[in-house]
Amino acid sequence: MSTFRYLMRDTFRLLFRHWGMSLLTLFSISAVFFLLGASSLLSLNARHLLDNVEGQLTVQAYLKAGTDLAAARDKVQSFGNIVQITSVTPDEALERLKARLGNRAEVVTLLGDNPLPPTLEIRVERASHVPPLARRLVAMAEVDDVVYAGGLAEKLSRLSSFVGRLSMAILVIAIVAAVMVLFNTVRMAVYSRRDEIHVMLQVGATQTYVALPFVLQGMLLGMAGAALAALTLLKGYASAVDVLASTMPFLQFLRDGALLARLGVVLVGAGISLGWIASWLAVVRFIRAAMKPL
Amino acid sequence: MSTFRYLMRDTFRLLFRHWGMSLLTLFSISAVFFLLGASSLLSLNARHLLDNVEGQLTVQAYLKAGTDLAAARDKVQSFGNIVQITSVTPDEALERLKARLGNRAEVVTLLGDNPLPPTLEIRVERASHVPPLARRLVAMAEVDDVVYAGGLAEKLSRLSSFVGRLSMAILVIAIVAAVMVLFNTVRMAVYSRRDEIHVMLQVGATQTYVALPFVLQGMLLGMAGAALAALTLLKGYASAVDVLASTMPFLQFLRDGALLARLGVVLVGAGISLGWIASWLAVVRFIRAAMKPL
Amino acid sequence: MDIRISGVTKIFEGDIVALDGVYLSVGAGEFVYLVGTTGSGKTTLLRVISREVLPTKGQVLVGEFDLRRIRYNDLAYYRRDLGIVFQDFRLLPHLTVFENVAFILEAMGVPPKEVRDRSGFILERVGMWHRRFLRPPQLSGGEQQRVAIARAIVNAPAILLADEPTGNLDPRTSDEIVQLLTSINASGTTVIMATHNQYLVDAYRHRVVEVHRGRIIRDEPQGRYMADVDL
Amino acid sequence: MDIRISGVTKIFEGDIVALDGVYLSVGAGEFVYLVGTTGSGKTTLLRVISREVLPTKGQVLVGEFDLRRIRYNDLAYYRRDLGIVFQDFRLLPHLTVFENVAFILEAMGVPPKEVRDRSGFILERVGMWHRRFLRPPQLSGGEQQRVAIARAIVNAPAILLADEPTGNLDPRTSDEIVQLLTSINASGTTVIMATHNQYLVDAYRHRVVEVHRGRIIRDEPQGRYMADVDL
């Protein structure tokens, strides 16, 4: 019980003795976690945007005249990654065309025999699924021609994988940076109290008693930094989305409160864990070295 | 001469004694300067983009029939912020219309008397100049109606000022962060050698002799960090522009080599100066305190 | 706890032989002066007993602990049985005199009230109570030394290792300190005191062990000591 | 350089009176023992001379320097005329013995070759040349003290302030050190040495100044000293 009191006192002494260092760490950690959160939001938003756009991703396969639509449809269905297939018979296609032409529909009668092919309209899930699907469709004997927004789909899929890789890289960099910053702060705290640690170990303090204040210091700094970052991020995100949505109304941004709250919790959790790991690494190595006899 | 050798030796000892701290500082400084450079590039690009779009920013002022075009033109000219004014007489306007209608030009003859008003086409420099200009034009007695791409211009000007303020904020934050990081590193270096500094001052070392290695340490770290950031940034920018330009060909990115080189030089210069200031602040306060008698 | 040192040799890096085949037994409750010229190995011998130094050769047994084999976790508990007055004091400059003494007890988990009482009592005893709010850099050399002694004895150790505990004290205060150590010894604590002070060795008779170039060259039981040795 | 201290009082925070109206003149080339009980104010008096401590009242003149008025830039040059053996040594633990002595000369801008020669010579003289590559924590207490003395005299100071320079030395080495200080004194350096060692004060006769509770209570010229004072 009394040990706990001593522990708390020592932890706060550590935090406040070098308060400049503590503040700096806090801000660095916040910056790193802000970056982490921002990149998560970016990639979540990119995915969200793509989902919206991709919802309308359709490949049209014009079949050879006289092909059995149902059979072709079953064949295509087996390809996988397919959300929906709509079969359009030549008659249906003609009806649609007429509807679209409105009061000039009588022109269609000039076409004589219905020249429109039976068609499959295939919806896929992801932009990246379009090009392979198109290639497989072209290879089918039944298919006469394939039409799809190839450029757009491919661009979207490239952009999506770019954002994915970017936020992955940021994730890795941010974690490494957070560990480095925390490790270094605790290491400097340990270093600046090296004589004290030596003496404490020499007069019979256990490793745990010596290490715990440093570890707690690291965890508190990690937690506070991450919490600060999460707060700033979520507040900043709300207003950024407001500004961006009004200038670029054609883009759909993510505004899912539960998801954002979960992001905040994940950030704070990561802050605590990284603080723990980093300070443990920093202090244990030092204590082991200090305990080693000459 | 020999003093210089001692100085160099001590500076490198400082850098390498706590190499973990030095490395961390290097990376933090790099990150900060990277941010700084990236935000500069962002705002330069935003400006560049806006310049491109704004090159075509035109306000059309339809004057009342019978107005003296030249007088009106002179009046508008005095408003300022105006790149170019083209006067279009009713006859010229009619000719243009005919030209645009091509082989259906004879329709114009059905209009009878020329109904087109005399017009001023006013090019401005910035999107933000459009709304005030339009307001002043509407207020003129000679003007019948004003036509401009109001929504677009206003959105552009909001976006532009948003980017401007964003990069200004980043600039300030980055400078403060760089100074803090450098200050703290040097302060910790000073702190970890506090006994040494005390003894040196007590045995007759001058303040300059004691301070210089720390100041040089700060400057070298600032310089190296900024240089690292500049290199990564300019290399990264080149490939980012390649990717972005191929996915968004409708956007014009900045690719002016001389400008980018100048940005690099500015970054490195800022690194050196901030390193100098921060470490000077860190060490001088400490030395003054150490020199103070009890 | 009795101490048995057998065949201990310590060679530091750079082929510096600090101890060279030392055999020494100290029974529980003894008082031993460790004398010898500068650099003869007194401090090293004390550090072997506190396991700050691991012998290159030889065995050290203290109570039931074999210091070669002791595990990290046991080491902390072993050291709680020791009190050490370091030759260079090693007080913590950030803490006040009072805290310097109290933190030892805190590290052992003693409750705050008892920590206050025992620390205060011991500071009274070495005559440093009136300086309890100062920090070590604000003390004179002799005052620091007395705080170091207070810290070493506050946990009522079974063995007290005092390395030159009177180096910065005037003769009168030195007398008082040795009287203090003697009374602690009388209550059962083993005391090993390294010293250069010939006067004290003469005045307060105890067993005398002389070290020279890392070897024990004399070991006189209490009362048999002759004043011609090199301190 | 001669030292004139007139009416110096030093009151530390907490109303601790360390010096209380001290008058003391030391001529150039004198050798003065400063004696007195623990906490009597010897170190404080030496720190007043080195301007580590600024008196609350009174005047200190050393050579042409008025230590109350001395400017920051002059202070460094003033201190180059001093050699100080600190009671707690204050060696730099990261530097080797050799570097600990050499860096003083380096800070004065002495060329590397001369730095090497002079440092080596002085380390020979205090008998620490064979330990030149070790760092202070690897030295015995007495060895550290000798390095501290070497550092204080390497720049051939006009005034040498030695605070308890034999506290960790055995009698024989203490003799050697005082002989060394005496020979330095013979070459013109003023020496002020605070000590608790009655034997040395008796054996090597010099002027003796006794401090008690911050006051000078005795000032005996060389040879007139009587051994009944409190050290």
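Read from first to last, the chains carry the letters A, B, C and D; within each, the first residue is number 1.
Rule of thumb we're sticking to: contacts are C-beta pairs under 8 Å (C-beta built on N, C-alpha and C of every residue); 3 or more make two chains touch, one makes a residue touch a chain.
Note that the structure is predicted; figures quoted are calculated from it, not measured.
Asks: Counting in whole Å, what is the centre-to-centre distance of chain B and chain D, each centre being its mean C-alpha position?
Replies: For chain B versus chain D, the centre distance works out to 61 Å.
Asks: Please tell me the distance, in whole Å, between the geometric centres of chain B and chain C computed from their C-alpha atoms.
Replies: 68
Asks: What whole-Å value do you get for the distance between chain C and chain D if each is reduced to the mean of its CA atoms?
Replies: So the centre of chain C lies 29 Å away from the centre of chain D.
Asks: Name the residues of chain C that each touch 2 or more other chains.
Replies: Correct list: 12.
Asks: Which word fits the touch map of the chains here: line, ring, star, complete or other?
Replies: Shape = ring; chains linked end to end, path closes on itself.
Asks: Output every touching chain pair, sorted by label.
Replies: A-B, A-C, B-D, C-D
Asks: With touch defined as at the start, can you tell me which chain B residues reach chain D in the complex?
Replies: Chain B reaches chain D through residues 1-3, 5-6, 17, 195-196, 198-207, 209, 291, 293-294.
Asks: Using the touch definition up top, name the residues of chain D that touch chain C in the complex.
Replies: Residues 12, 14, 16, 36-39, 42-43, 87-89, 133-134, 138, 140-144, 146, 163-164, 167-173, 196, 198, 230-231.
Asks: Please output the residues of chain D touching chain B within their complex, sorted ascending.
Replies: For chain D paired with chain B, touching residues are 12, 47, 50-54, 72-73, 75-80, 82, 84, 90, 92, 94, 103-104, 106-112, 151, 155.
Asks: Looking at the complex, which residues from chain A come into contact with chain B?
Replies: Against chain B, chain A makes touches at 18, 20-21, 24, 27-28, 31, 155, 158-159, 162, 177, 180-181, 184, 187-188, 191-192, 243, 247.
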